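Handing you this structure, nothing more for now.
Chain naming follows the written order as A, B, C, D, E and F, and within any one chain the residues start at number 1.
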Amino acid sequence: MSGGSLTHLDETGAARMVDVSEKDVTRREAVATGNVTMRAETLEAILAGQIKKGDVFATARIAGIMAAKRTHDLIPLCHPLPVSSVKVEIEPDRNLPGLTVTATVGVDSKTGVEMEALTAASVACLTIYDMAKAVERGMVVGDIRLLAKSGGRSGDWQAGAAE
Amino acid sequence: MSGGSLTHLDETGAARMVDVSEKDVTRREAVATGNVTMRAETLEAILAGQIKKGDVFATARIAGIMAAKRTHDLIPLCHPLPVSSVKVEIEPDRNLPGLTVTATVGVDSKTGVEMEALTAASVACLTIYDMAKAVERGMVVGDIRLLAKSGGRSGDWQAGAAE
Amino acid sequence: MSGGSLTHLDETGAARMVDVSEKDVTRREAVATGNVTMRAETLEAILAGQIKKGDVFATARIAGIMAAKRTHDLIPLCHPLPVSSVKVEIEPDRNLPGLTVTATVGVDSKTGVEMEALTAASVACLTIYDMAKAVERGMVVGDIRLLAKSGGRSGDWQAGAAE
Amino acid sequence: MSGGSLTHLDETGAARMVDVSEKDVTRREAVATGNVTMRAETLEAILAGQIKKGDVFATARIAGIMAAKRTHDLIPLCHPLPVSSVKVEIEPDRNLPGLTVTATVGVDSKTGVEMEALTAASVACLTIYDMAKAVERGMVVGDIRLLAKSGGRSGDWQAGAAE
Amino acid sequence: MSGGSLTHLDETGAARMVDVSEKDVTRREAVATGNVTMRAETLEAILAGQIKKGDVFATARIAGIMAAKRTHDLIPLCHPLPVSSVKVEIEPDRNLPGLTVTATVGVDSKTGVEMEALTAASVACLTIYDMAKAVERGMVVGDIRLLAKSGGRSGDWQAGAAE
Amino acid sequence: MSGGSLTHLDETGAARMVDVSEKDVTRREAVATGNVTMRAETLEAILAGQIKKGDVFATARIAGIMAAKRTHDLIPLCHPLPVSSVKVEIEPDRNLPGLTVTATVGVDSKTGVEMEALTAASVACLTIYDMAKAVERGMVVGDIRLLAKSGGRSGDWQAGAAE
């Protein structure tokens, strides 16, 4: 009968927020990055402050910081964390061409802030898209990834090093 | 004096939510995509239902749908919209290797749902990362972009067609 | 191979917010109820205003009203709706003994407000529990159900009438 | 004069978030339950995966987990808590007939997670209702109550034992 | 008996979100203002961009815009509204000395946006305080009031004109 | 070139959530106040319970308490804090004439709760305005300021004492 097997499937596949209560409270930090690729003219329009919606840099930075604080409200199995620092940096890259976002999040907690850093970078990129989309709808958000994390039982991690 | 020039800068660069009240209420739809690139083994673990946190597909789909509804709460200058449909599809792609997310959002409104579709795709991708990060921290979220939009004054738009 | 069948399962079982764009905007209303069963002494303490946390009636009513507005943020596939009225009434019932909550929600929209009324009733009941739990932890929230709905394509509905 | 007596009433009845700063941070856990009673055919349709909106079990579980994290945002006098684990289990019960939800929440904190467990159970039940309401509007959410709690000054508590 | 009279009191004093369904959808606008009074040196430090937390103007403007969209989530009896435009302007006033905030909100809706404009102005002022409080804790937020509203059954209104 | 100078501006002016990880967890408390000035008749109508929307005192108190918990979600650079107590008191003042709000917030944390107390006072005042605005649109919210704070590295502070 289908009910029985479905229930069994549920038991093995059921989403749950894993228990972190046995982990130690330590200082943890995570750095994530992402970018928005666009036409050279769009980048120049942003850098010249010609975007009609307003200041792209300031708006994207604040959106990223606020998103970091809401990560547990967006990602279903993330733990709520009392983040102690959030920094979102945005740099133009004429080779891309586009903007590169770097988000750094710190916390003293039982679990890490990788998702907070990735969420901050993603939402800052989406905000850049929103600000400039009247100029170019074809912009692409990409390369959102963890650069480094420190603290916690699993120790430090650097992108590119063997896992 | 610095105050004067700063105020002037503010006047030209100040972020604001643009007025859409003169636009028509029409049926609008947007489709956005994104993907998570991972090792082949990580993809197989996901497809085999071996991720300890639970069902990756169901969790990411629901996270994407709920994020679409909160877009205006995340992206500072987005208008709140009564979205009338949201669909988030996730497909494995062994050539990537990884998972591809496609989000489709519909609304009857004065402004479009591009940001809602992009936000749904991004948050679904971030959720996939969160579910599987214990297996592979080096996964990359990328290629988040608009595929198509319809409705509204600016008419239909397809990625790849001339803007 | 497992991936194929999982994908197939996803196609049939994937959660999605159903499209309501073809439905008409009409005046819709829903009435839901629920109750909190408690010991007679607990009810008397509430009615006498002896609950240390403060006024149970006012707090539960406001919690219910605010929850109605957040229904789409709590229930994954609910559409965001511009509710036009919310009323939460709380009556003592010495036969229960306990408190009965009735929530009435109205909207002009393409879809109904059953979930808004049920969510308002549920959160009002949970708030009553929270206010009085220092007196009695064994209180039970129950009988949360739709009493009536009006408007929309499916027409009027009354609890107890044949569906 | 009415102002004076009203002010006096306020002083005694004013809602406030009680001070927990003097309580100890201890490991605390709470288990709550609830159920959705429905017709036997509705239960069979859910178990057979025939609900048009998608997977009832996965959607309700995730809704319950996310609601646990928002409890303090819904229940006016609840303290914000860094929940360290949330599990929502859903089982069919053909005798009911219907589905039974059990929510287990853990935290290391100065106050308990009874309301988080009750909120998770309630929202999971409401989500089940939402998913299946096109099949049966007369379903009833009921028997939402605390099964057990542990930790904290007041010690362990089991439903059914003398308070 | 106390229960009876309390219930009676509830019936007359119970908070409820009033029904606006009979009102017309019209273009409505509201303008609200507020200010933050501070020492002349604090104002100069803000204007010179010397505040360690970052750009006061950009941060406060974005906070005000985002708060306007959340008004119904903060003010218990406010209706959720699809605001169509939000503008937050901040000007230095050396006579105050301090900063003056003006928020303008537009909507096409059955009810007005006075509370949205007032909330935007208030949260922008609070954000200014937060940014500069390391320099001066004694700043005062004041004079938050409606300047004008237009649209709706009650017609136009200007502060200072007879009500 | 404009990009270079803009980037430089960003480096100095970029908003960021400052790092509090090196600060000690101590008991901290903050008291803030604010008021709503109105006509004498409006105050009498409020005190007589004649406001059509319902109980002004209870609604404003609960709105203030709930807003304190959301401060970090409203004020971009505020840290999320596990507030341990919130009290909102509202007193009539016939000399104003109007209502005076006092909010007291406590926490055990690495940073203070000044913004939480100010936000609670502001939102309680805005709620009073919302409840009574049908009677008088010209009410003014003002004098929102910190009265005192205790705890933390900077020690105690009292409004009026030299900073």
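By our rule, a contact is a pair of C-beta atoms (placed from the backbone, for glycine too) under 8 Å apart; a residue touches a chain by one contact, two chains touch by 3 or more.
Predicted model only: the values in this text are computed from it and were never measured.
Counting steps between touching chains, the shortest path from chain D to chain E takes 2. The chains in contact with chain A and with chain F alike are D, E. Compared with chain C, the chain whose C-alpha mean position is the greatest distance off is A. In this assembly, the chain whose C-alpha centre lies farthest from chain F is B. For the pairs C-D and A-D, the larger set of C-beta contacts lies at C-D. Chain A and chain E, compared by their mean Cα positions, are separated by 31 Å.
Across the assembly, chain C contributes residues 13-16, 18, 49, 55, 58-59, 62-63, 66, 70, 76-77, 80-82 that each touch 2 or more other chains.
Taken as a graph of touching chains, this assembly fits none of the simple shapes: it is neither a line, a ring, a star nor a complete graph.
Chain pairs that touch one another, listed by label: A-B, A-D, A-E, A-F, B-C, B-D, B-E, C-D, C-E, C-F, D-F, E-F. Contact residues of chain E toward chain B in the complex are 27, 44, 47-49, 57-58, 61-62, 65-66, 69-70, 80-92, 106-108. Contact residues of chain E toward chain F in the complex are 12-16, 18, 34, 49, 52-55, 58-59, 62-63, 66-67, 70, 74-78, 114-115, 118-119, 122-123, 125-127, 129-131, 133, 136-146, 149, 157, 159-160, 163. Considering their complex, residues 2-3, 6-7, 10, 13-21, 72-73, 76-77, 79-82, 109-110 of chain F touch chain A. Chain contact summary for the complex, chain B toward chain D: residues 55, 58-59, 62-63, 66.
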